[in-house]
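Chain naming follows the written order as A, B, C, D, E and F, and within any one chain the residues start at number 1.
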Amino acid sequence: MKKLAVLVLVAVVCLLTAAQDDPLRIIVIGAHPDDCESRAAGSAALWVQMGHKVKFVSVTNGDAGHQAKGGGALAKIRHAEALESGKILGVEYEILDNHDAELMPTLENRKQIIRLIREWKADVVISHRPNDYHPDHRYTGILVQDAAYLVIVPNIVPDCPPLENNPVFLYSQDRFQKPNPFSPDIVVGIDKVMDKKIRSLAAHESQMFEWLAWTAHRLDEVPEGKEERLKWLADSRFGREVSPNIREALIKWYGEDAGSKFKYAEAFEICEFGSYPDEEDILRLFPMIGK
Amino acid sequence: MKKLAVLVLVAVVCLLTAAQDDPLRIIVIGAHPDDCESRAAGSAALWVQMGHKVKFVSVTNGDAGHQAKGGGALAKIRHAEALESGKILGVEYEILDNHDAELMPTLENRKQIIRLIREWKADVVISHRPNDYHPDHRYTGILVQDAAYLVIVPNIVPDCPPLENNPVFLYSQDRFQKPNPFSPDIVVGIDKVMDKKIRSLAAHESQMFEWLAWTAHRLDEVPEGKEERLKWLADSRFGREVSPNIREALIKWYGEDAGSKFKYAEAFEICEFGSYPDEEDILRLFPMIGK
Amino acid sequence: MKKLAVLVLVAVVCLLTAAQDDPLRIIVIGAHPDDCESRAAGSAALWVQMGHKVKFVSVTNGDAGHQAKGGGALAKIRHAEALESGKILGVEYEILDNHDAELMPTLENRKQIIRLIREWKADVVISHRPNDYHPDHRYTGILVQDAAYLVIVPNIVPDCPPLENNPVFLYSQDRFQKPNPFSPDIVVGIDKVMDKKIRSLAAHESQMFEWLAWTAHRLDEVPEGKEERLKWLADSRFGREVSPNIREALIKWYGEDAGSKFKYAEAFEICEFGSYPDEEDILRLFPMIGK
Amino acid sequence: MKKLAVLVLVAVVCLLTAAQDDPLRIIVIGAHPDDCESRAAGSAALWVQMGHKVKFVSVTNGDAGHQAKGGGALAKIRHAEALESGKILGVEYEILDNHDAELMPTLENRKQIIRLIREWKADVVISHRPNDYHPDHRYTGILVQDAAYLVIVPNIVPDCPPLENNPVFLYSQDRFQKPNPFSPDIVVGIDKVMDKKIRSLAAHESQMFEWLAWTAHRLDEVPEGKEERLKWLADSRFGREVSPNIREALIKWYGEDAGSKFKYAEAFEICEFGSYPDEEDILRLFPMIGK
Amino acid sequence: MKKLAVLVLVAVVCLLTAAQDDPLRIIVIGAHPDDCESRAAGSAALWVQMGHKVKFVSVTNGDAGHQAKGGGALAKIRHAEALESGKILGVEYEILDNHDAELMPTLENRKQIIRLIREWKADVVISHRPNDYHPDHRYTGILVQDAAYLVIVPNIVPDCPPLENNPVFLYSQDRFQKPNPFSPDIVVGIDKVMDKKIRSLAAHESQMFEWLAWTAHRLDEVPEGKEERLKWLADSRFGREVSPNIREALIKWYGEDAGSKFKYAEAFEICEFGSYPDEEDILRLFPMIGK
Amino acid sequence: MKKLAVLVLVAVVCLLTAAQDDPLRIIVIGAHPDDCESRAAGSAALWVQMGHKVKFVSVTNGDAGHQAKGGGALAKIRHAEALESGKILGVEYEILDNHDAELMPTLENRKQIIRLIREWKADVVISHRPNDYHPDHRYTGILVQDAAYLVIVPNIVPDCPPLENNPVFLYSQDRFQKPNPFSPDIVVGIDKVMDKKIRSLAAHESQMFEWLAWTAHRLDEVPEGKEERLKWLADSRFGREVSPNIREALIKWYGEDAGSKFKYAEAFEICEFGSYPDEEDILRLFPMIGK
């Protein structure tokens, strides 16, 4: 028994060392402060725990989504909340100065995205599909798609060295069926870090407990205490059952046993415009799978 | 027999009263003057007959689609024709001052659409799919999609109060199969008002009897007399058989009996970016169904 | 004494009647809520008192100029303040939904300005010079210049009937010398309505007593009481001496005697892209001059 | 006497030969069909008579300036009129497909202008000042300014060989005083070709006898007959006296005697962003001066 | 044997004559110099051999895709290579001056495409699907889609006569599955001209042997000799097996026998926004099929 | 004599100490790599010698101005040259990724400029006048003007704290007379650092010895040796006599004696849209004057 423990310890140390020597680099690009968390905070926390590097980007500054505040005043609140969330997860955070609800797929924005992906030396890029419910999500998805491949072209954003290889580009999960449904090509069980995910989301107070509660006509339900709020958040928005197709994918990647037990998961679809990973690539890029 | 008539009368009166107390509010947003009519004039007429409120919007001013006229001179003709059509149907009509054949999905246009939907306090918004044959149709579809959800965000178009709930957004029918075919989620039998629909279309003289006839190389077939023109229009462009999938949907919504008899129908697909109506919602929003 | 009162009464009645028969129509187009007031509230008040029609337009919604608030939340405050100011002066007020500090001379904005000028059937259009200190002022000036002449072209904004004649376009006063100094072609003595001007400005509380006080590092000087605020405003910002060239112009238009006495004045420069008024035109369009 | 005539003849022949060997190349870039004619048709006719090459460009297609027609239908009329005018003057004519009254100083338009100037291998480029009464004139002026210098930069419009030297850029005459008045640096007496100029203008029937007459409220004065129309045009719009500063410049360039006699002239100001010609350059580029 | 040869000769002559009397006109619109070749050089060569007219357009000037060169300097190289390729294939070639990697679906670009299609009097237009890997491919696809139908609207690009009928629009083959896979509606066996296709591709030296080799990390494999290069190109990039669905289509169009033998093919999907060809139309437009 | 030396030493030490305690912060914003040097390298060197902080910004990446190279390849050369120049002068250098010869006054660019000025906490901002010969210079001038005042508005670029006071904005010298000539409000004698200025310019090899020499048709005159090149540069481009109005200003600021002796100077005009400095302010901001 002791031997096993030692072996495990050695394995973990090796893994961490390996990772620290040559950590994976993941960049998650969401439309608003809190989008990266909703879609990938669990996976991010797992990567970070294994010594890898994760960066969250919000392409808009979140200056519109609120029932009573707005503009730069709101953007500053959103900025502080994002930094707080980043601390909880151990990820770097950057917010671009684009108006919320007014994002357009301009060349300027495309070049900003290219620069961010290159500077992060990303192995994996995660963003929205171009068919999500909010126009900012859709145009963020398009901007990230439009950065794929161009990140390796040296004449674009020439002062920033191009990547040697097109990274793997992934879409985060959504529920939309048209023109084609989300395909859970990769699924990560996040039960171990679900608490951390909820806390990172809760750091976005003006979103979780003000704006989103307001749009759901549930503002009066929001509790006052910090712990109560975490619970309310977990219950009301992020406690959904894993759907059958996600369960199927969990079992594919984690085996029947482990895959059947996860209560929480994050799923990703492979974007065809990045490098297309095979199973081995996926297991290398998602070292938490199976663990 | 008399009793039944009385009951029917009472029912109708109740319905009308109910409707007048709290009428449904529908906004149809087409690319050109005549697009709302082609796709939804029948349903509009039925709503109006039941006391509900319908508004037609043309996002372009129609200043290009003609073989001999153009520009502001044509736009004025199109404007007058649209007002005439609106009178026939009992709907409000508004034409935005955007060049025909040059519509782009700009923020300015998006905000105009948001304002229109809000000011109309729309329960239902109907527009084109983003994969129709004319670029103006596609970009109208995108603009309306991009207004969905944002109509409830108070910081956008701040001088115009936001809606409390995202309306139901619907696509009008088209024949295109890529990337996915139109899905007739809701179908309305319009035989009772088909005559009114044809007359509303015929009000667009410069379209029906000039431009569209010209593009179809059938200008010489167009008759002179008003009644002959109505007949020609009904026969040549709008007399198509109901297709099998529409028939199936008619039967679903109207029952085998009634559904099998309709000669004319208008179909709508539910857009996933609006509120998603269940069957009960649909029957409330389409009170003519089953009647 | 009584006789004089009667005469005055008769004169006033005549004047009002004349005006009401065929009142002048003036539109003042400023960049922000409060710009029309700073530059032309006195003249506006005088026109209104004589029965003429004045409209104030703010081309931006004022959603940026504040040290602590912003966005739609601020825009709504600015909107309410503008309506209050309009009530004090008796002018109509309209605020366009453009971001403050981000105004660009786009075609969409140009067309909005054309529409506003036409719908107001303006005899006189007043705006900023294109060389004022704030980019929004400069681009407002350019947009209004770019509307000149086009207001008479029917193919532009075709659903809105063109004016028969290009109105008189005027620039409001500024202090800038490059590339050429402001030329006080027309000057209006406003002593009689200076109090009203100050009150209209004071209606813009979030500007006068918050933002502008803050940028001037004088926030702590702002008094609490309403009357004290009016006095502070009059003293601190709008109590400047009439400059020698304005004095000269006052004497030209009002005569040595009256012209020498005015403490307050508003000056306007004739824009060469509108109709060029001769002295007789000016006296007709500025009926308060000499009175 | 006869000897002189022979000498003159020889001189003329030499000149023509020289010109044909190596003719000057002038490009005039106006905003609308007829702007090149109003400003430079006389000079163009003189250049052409001496064997030089002149091209007229209209940057917009003239599809808006008319009281009853518009759009592509009007653009086609304008196109035909321009070709007719070009035939009269012996100049090449090109009309760019930009909407009238909507010209913007975009990069696309700038590049089109660069290409045109290069392909014409222009020695002289003539356009509007950026402070003329019509926004299209102003933005044409800006576009042409923005092409100056860049016409020699090979990386811009790379498929079109750059000019070796920045041409001489000139502004055509206007009456505007702000921010600085037009300066008649070069003046050409055009009496000999005034008739041709009027005929070239008259070729723009829809402008001269319809639109401009309409905006001047003189539509009912326009005569029917062709000759009467030429006379009316000459009298009503182009028969203005030469102003004192133009007279002064005529005398400078043609001498007291000849300079005092000209009834008609065209004046040009040197744009500082092109090559700056000295007097010798001017006499080489304007070989009609003094003749 | 001789008889057969004569018959063949006669057939060929007839065919050529027919073609020359009324040759088909095809325009292929790719994003970069070499895209038309990769996707359609074989079909182009076959059309040209039968006397039909083919034009290749590159919507960008190719000024970015290179590891060491760039800008106008690179664009000129690309231009020369394209002309060389065009000579090999016997097609006309045009390159638009848009920056590589920065193509946007602007109105200006749309109008350029409309003009090109009209001026070529195209029967068939071939371009990218809007879901290919490079943003320039996607936006080229969108621009061409947006030109469909508008090519018959006279008010658009009014100086260029509209086509009488919407051409057949086709997408060239790609491997992408989302949102829907490429559908090989039409397939052309190109074995007979495969050599010519490779040579036309090899003319794009800076692409085939420099840039694409570099991005594939295979720069050191590129041979020096001309013949070796052709072989390397054929082997490394264009020697892929025909996939099962393409094989199936070959058999459909060429019969079991011939269809089973082709080693090389080019496939096209029918775009729904153009005229929809039936089988007879396809055989008329693709006269090489079955031959 | 020794005493004097000690006094001088003390003075210098004091000055340096003072400066290091609270150094002035100057940002020079030019259109291209080398523009800051041409206009302000001498003043920059003097500021740096006194312990103040200077940053040079090039708003374009210089990827067009060359006869043989271009694009990203050229931009990288320009970038390296700029860094070299910055080292020589002791200034920080930043190059924005905008295409050379294609700069437009967009909001995105304006916001970048605002951010740069704020992050530098600039006391003085120096840029081009909006009427210089190159469109990039003009639009850089406009962008910097449009940043003035907005640098103190917190809602703009909200993640970057606003400046407390609008800096002093200055235009660098040019020779253009229209619409108004450059006014040398502040003049700095730079003889002491002229050598450093020439060396900083010479660091821009691809500009000074390639592109500018080429445009001047003097490429064959450029010497090979480093020292010879410095001399050639000094003689051919920067050895111009000080003009009378600059001499006058030198005498005003330095006194008759010193002012008469300077061979080299840099002049600046005060922009009216920044804080307006009085003489005392100028002497504080330009501590090298009089020394």
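In the analysis below, contacts are C-beta pairs under 8 Å (C-beta built on N, C-alpha and C of every residue); 3 or more make two chains touch, one makes a residue touch a chain.
As the structure is a prediction and not an experimental result, all values here were calculated from the model.
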| item | value |
| --- | --- |
| Other chains in touch with both chain B and chain C | A, D |
| Steps in the shortest chain-to-chain touch route ending at chain E and beginning at chain A | 1 |
| Option in A-E, B-C or E-F whose residue-number contact pairs overlap A-B by over half | A-E |
| Whole-Å gap between the CA centroids of chain D and chain E | 44 |
| Separation of mean Cα positions, chain F and chain B [Å, integer] | 61 |
| Chain A and chain C, separation of their C-alpha mean positions in angstrom | 51 |
| Residues of chain C whose C-beta touches two or more other chains | 63-64, 66, 70-75, 154-156, 158, 179-180 |
| Every chain pair in contact, whichever chains are involved | A-B, A-C, A-E, A-F, B-C, B-D, B-E, C-D, C-F, D-E, D-F, E-F |
| Residue numbers on chain A that touch chain F, as the complex places them | 61, 63, 71-73, 75-76, 79, 95, 97, 106, 108, 111, 115, 154-159 |
| Chain B - residues contacting chain D, complex | 63-64, 66, 68-75, 99 |
| Contact set on chain A toward chain E in their complex | 107, 110, 131, 145-146, 148-150, 152-156, 158, 164, 179-180, 272-273 |
| Residue ranges of chain A touching chain B (in the complex, touch as defined) | 63-67, 70-71, 74, 100-102, 104, 133-135, 138, 176-180, 215, 217 |
